[in-house]
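Following this line, the structures themselves.
Each of the next two complexes has chain A plus one more chain, namely chain B in the first and chain C in the second.
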Partner chain A sequence: MNDDQTLEQALLRQGVSRRAFLKYCAALASLMAMPASAAPALAEGLAKARRPAVIWLSFQECTGCTESLTRSFYPTLETLIFNMLSLDYHETLMAAAGFQAEAAREAAMARNHGKYLLVVDGSVSTGLDGSYSTVAGHANVDTLKRAAQGAAAIVAVGTCSSFGGIPKANPNPTAARPVSDIVHDKPIINISGCPPIPEVITGVLAQYLTFGAIPELDEHRRPRIFYGNTIHDRCYRRPFYDQGKFAKTFDDEGARNGWCLYELGCKGPTTYNACATVKWNEATSFPIQSGHGCLGCSEPDFWDKGSFYKPLSTPTWSDRAPLAAGAVGGLALGVAAAAVARHRQKRITEEQ
Partner chain B sequence: MSGLADIGVRIVAAQDGLSGNGHALIHELDKRLERLAEQGATDAIDLRGLPLSAADLQMLEDFLGVGEIEARIDALGLTRVYETAYAGIWRVTYYSEDGKVVADVLEVTRQPGIITTPPGDVADACGRLREALGDLPPLPGRSTNNCEAS
Partner chain C sequence: MDLLSFARGPALQWALVIFLLGVVWRLTGILLLGRAPDYSEPRNAPAWPGAFKLILTRSWPKREFAARTAFGETMSYVFHIGLAIVVLGFAPHILLIQSLTGLSWPGLPTGLVTLSAALTAGALAVLLVRRLMHPVLRLISNFDDYFSWLVVMLPVVTGLMATAHAGPRYETMLAVHILSAELMLAWLPFGKLMHSFLVFVSRGTTGALFTRKGAAL
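Showing the complex of A and B:
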């Protein structure tokens, strides 16, 4: 597909019918939690869209975010990069290497100056002038500043680029920073998570493409459609929390009954993400469904918030939405239970 | 290894699995159907965006029943469309190419959009038909099959 074709023209050329396209949009609307009646408008917008150039930079990261992206079920990565975007530079996915790859990036940046979408995964090292992490002889921090100049918007994929993530964890030896600490004059969308849910990555990119605008963001610059609720609010085990039924250890009666994992350190009440609804691996499951508490990986500094297995020490008040009376009752039970659980854990540790 | 069978897992099921949300949804459909009847306003409800249990969905299916029309659309995987026993309420289920549900919608409309022929397709079909017609031998008494020339 050349860059001047609209998405509809390109898909028709590939033998994708208009009905198939409408269907695709219905699925996309469902994924993006838009009203089902919005699908025809989505189809109209997307049909006229021209695919934007995307330059993807990887800094201090583990490639888990790209691994996650390649497992996107709907839209699939193939649909995204062959039909919807022009992925002009991605070190892991592209075939080119060395000087050739760097030249391709420079050319794409020049050709699409002011229009390309810059995607970043990994935190940015700023220690020793950024020399802890370099690609092709350039410090990540310099590459980011240069690439950001011509970008229409920046998408920070993963907790590392959104908030600093694990590289920024104490004692932060490389002086790692999130993208938003380096770039101040461009719109930034954070898609946090370690890694983020694949459908959330592709969904945000598809949404940007459709509407050509930044979606509504929360105070951490995360799209509200995916990060608007806590894991706890949407958790299927939530009724057990409200009833004060908690697993006390990973092998007790409560754990077997599938009760709430709050006392075992679940960070669901303070974590905003879509795991409980979109889920993972083609909507098969998510950590709590597999019997383990949420680690809170989509929140800033999740690595430095104490043990994953200690109950939250602060009340789980949401500062954004008033809780219903029933939930407050459950909350009181939860806080009391957490205090008891912390005491018990301390005793176990001392006995050992 | 002692085997997974030694790990005691007991699944505690809810009594009937009904959350009450299915029932509430039927009230919602009632209002929307009224709007369709009186003002011609169409609407759609995404079933996957609502907290419905398997039992809720089954209850909803049983309640709405099956009407006179069912269609299967083969485009990027299957799409199943049927009108429920309540005319104007359609169930549209979209499947991916490997058979997984990617969207499941109740449409309140006289005709779901996915069934309607897209206008662009009509224009394309017209061109293709004429092209195909050109390959047939001309009708007796006509020198050409070309619509435009006739």
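Showing the complex of A and C:
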């Protein structure tokens, strides 16, 4: 596809009807919680949009984010990379490798300087001058700084690039950091999640493509349209929480009845994401619907917030020794205080 | 470490250590105090049933003073019962108690707990206004009274705000709620809130003494 063509021109050439295109825009508007009246505007914006170049950098990550992206249905990955975006560099999806791949990235960055969208998944290692993670002989941190210079905006896909994720978990041996700690002069959109919901990735990219601006973000730089509510507030099991009905184990009657998983450690009340509404695999299910509590994977430092299976209202620690020490200390103080009081009482009595 | 992790982690541990140390210290210190020997012939023996009887009878308003004390006692009952429902009936609170003691019981519906919390907060507010407006109560009130009121009111209000998603984001409000409850725990042994334990000691002692002397309870 010619990069100068608009999306509508490209789609018409590929036999996609106007009706199908409008239907897709309506679904996208619905997904992003836009009013029905926004669908025509979305269609108009998308139709006029030209494919932006996208450079996707993978750092300290597990490829789960890319795996997630390949399971997007609205739009599909094929639609995204063949029709909507010009995905010029993605180590997992591109055919090229080695020097040719790096040359393609350099060429794309030079050709689209100041206009391309930089997508990053994985945290950025900064320990030992970034030598814990390198690609083509360059430290990730250096590659990021260089690529960010010419980017119009940066999309941090996944919790690792958004907040440091699992590589940053205590003791953080590679001194992993999120993209926002490294780049300070570019707009950054965090699409957190481990992995993020595929439709959230593609939806944010589509919105950027349509409106040419980053969406409204929360204090963690996440799009409010997808991260505006907690899982708990949108969970279909919420009525059971309000009724005080909880599963006590993963296979008891409560679990079979689909009762709330709060007592099993569900982090839905403190986790902001669209899992309960957009869901996964063509809106088939999400972790809580599959019977497991939310891990809170779209929140910063979720790996270091205590056990996944401890309820939110319970201590993160399990060592009772300090409590016992407190009680013993109190007992010692009480005995000493009583002894002193008895001694004084005795002295006063003797004086009388 | 974020605020919620701090509240659930070291802050909770320290608050409980201070609470246990203070409560055990004060109770032991009082219970081991020397008592003057009583050489009189006991009118009733054993005396301990009188201890339990007085704990109960002093919890109910005396008919002679009912007209004068009805308002204050009603508000106090609303606040105490409401607080008990909130603390002992809300599932997340039961989970906390279970994690510390192993004891557990069924929780109440969130709506009922929320209503109790709202009534508790209302009664607490009324009692503060009464304390400020009543000349005698105002005269005998000191920092302990007002601070104890504050540390009880804060967890109730922040808990309601967290449930209603009012104020800061939920996780922040939850952390503030837990921290406010920890402040109450840490203050409890050293102020008038210690009456939650000492009320049984003082009434029990008086009841046993009265029974021994043959006084009406």
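Quick note on the criterion: the second predicted complex is superposed on the first by the 313 of 352 C-alpha atoms of A that agree within 3 Å, B and C clash if a C-alpha of one lies under 4 Å from a C-alpha of the other, contacts with A are read in each partner's own complex, and residues count from 1 in each chain.
Heads up, the rule we're going with is that a residue touches a chain if its C-beta (ideal position, glycine included) is under 8 Å from a C-beta of that chain, and two chains touch if they have at least 3 such contacts.
Small disclaimer: the values here were computed from a predicted structure and weren't measured.
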Which of chain B and chain C A:263 touches, first, second, both or neither: second
Which superposed partner A:243 touches (first chain B, second chain C, both, neither): second
Contacts of A:30 with chain B and chain C, given as first, second, both or neither: first
Chain B versus chain C as contact partner of A:225, first or second or both or neither: neither
First (chain B), second (chain C), both or neither touched by A:217: neither
First (chain B), second (chain C), both or neither touched by A:41: neither
Residues of chain A touched, compared between chain B and chain C (which is higher): C
Chain B versus chain C as contact partner of A:20, first or second or both or neither: first
Partner chain A, residues of chain B touching it in the complex: 8-12, 42-46, 48-49, 73, 75-77, 79, 92, 94, 96, 100, 102-105, 107, 113-114, 118, 120-121
Contacting residues of chain A [partner chain B, same complex]: 8, 16-20, 22-24, 26-27, 29-31, 33, 35-37, 39-40, 73-74, 256-258, 282
Touching residues (chain side chain C, partner chain A) in the complex: 1-2, 4-5, 8-9, 12-13, 16-34, 91-93, 95-96, 98-100, 106-111, 165, 169-171, 174, 178
Residues of chain A that touch chain C when the two form their complex: 219, 230, 233, 241-244, 246, 262-263, 269-270, 299-301, 304-306, 310-317, 322-323, 325-327, 329-331, 333-335, 337-339, 341-342, 345-346
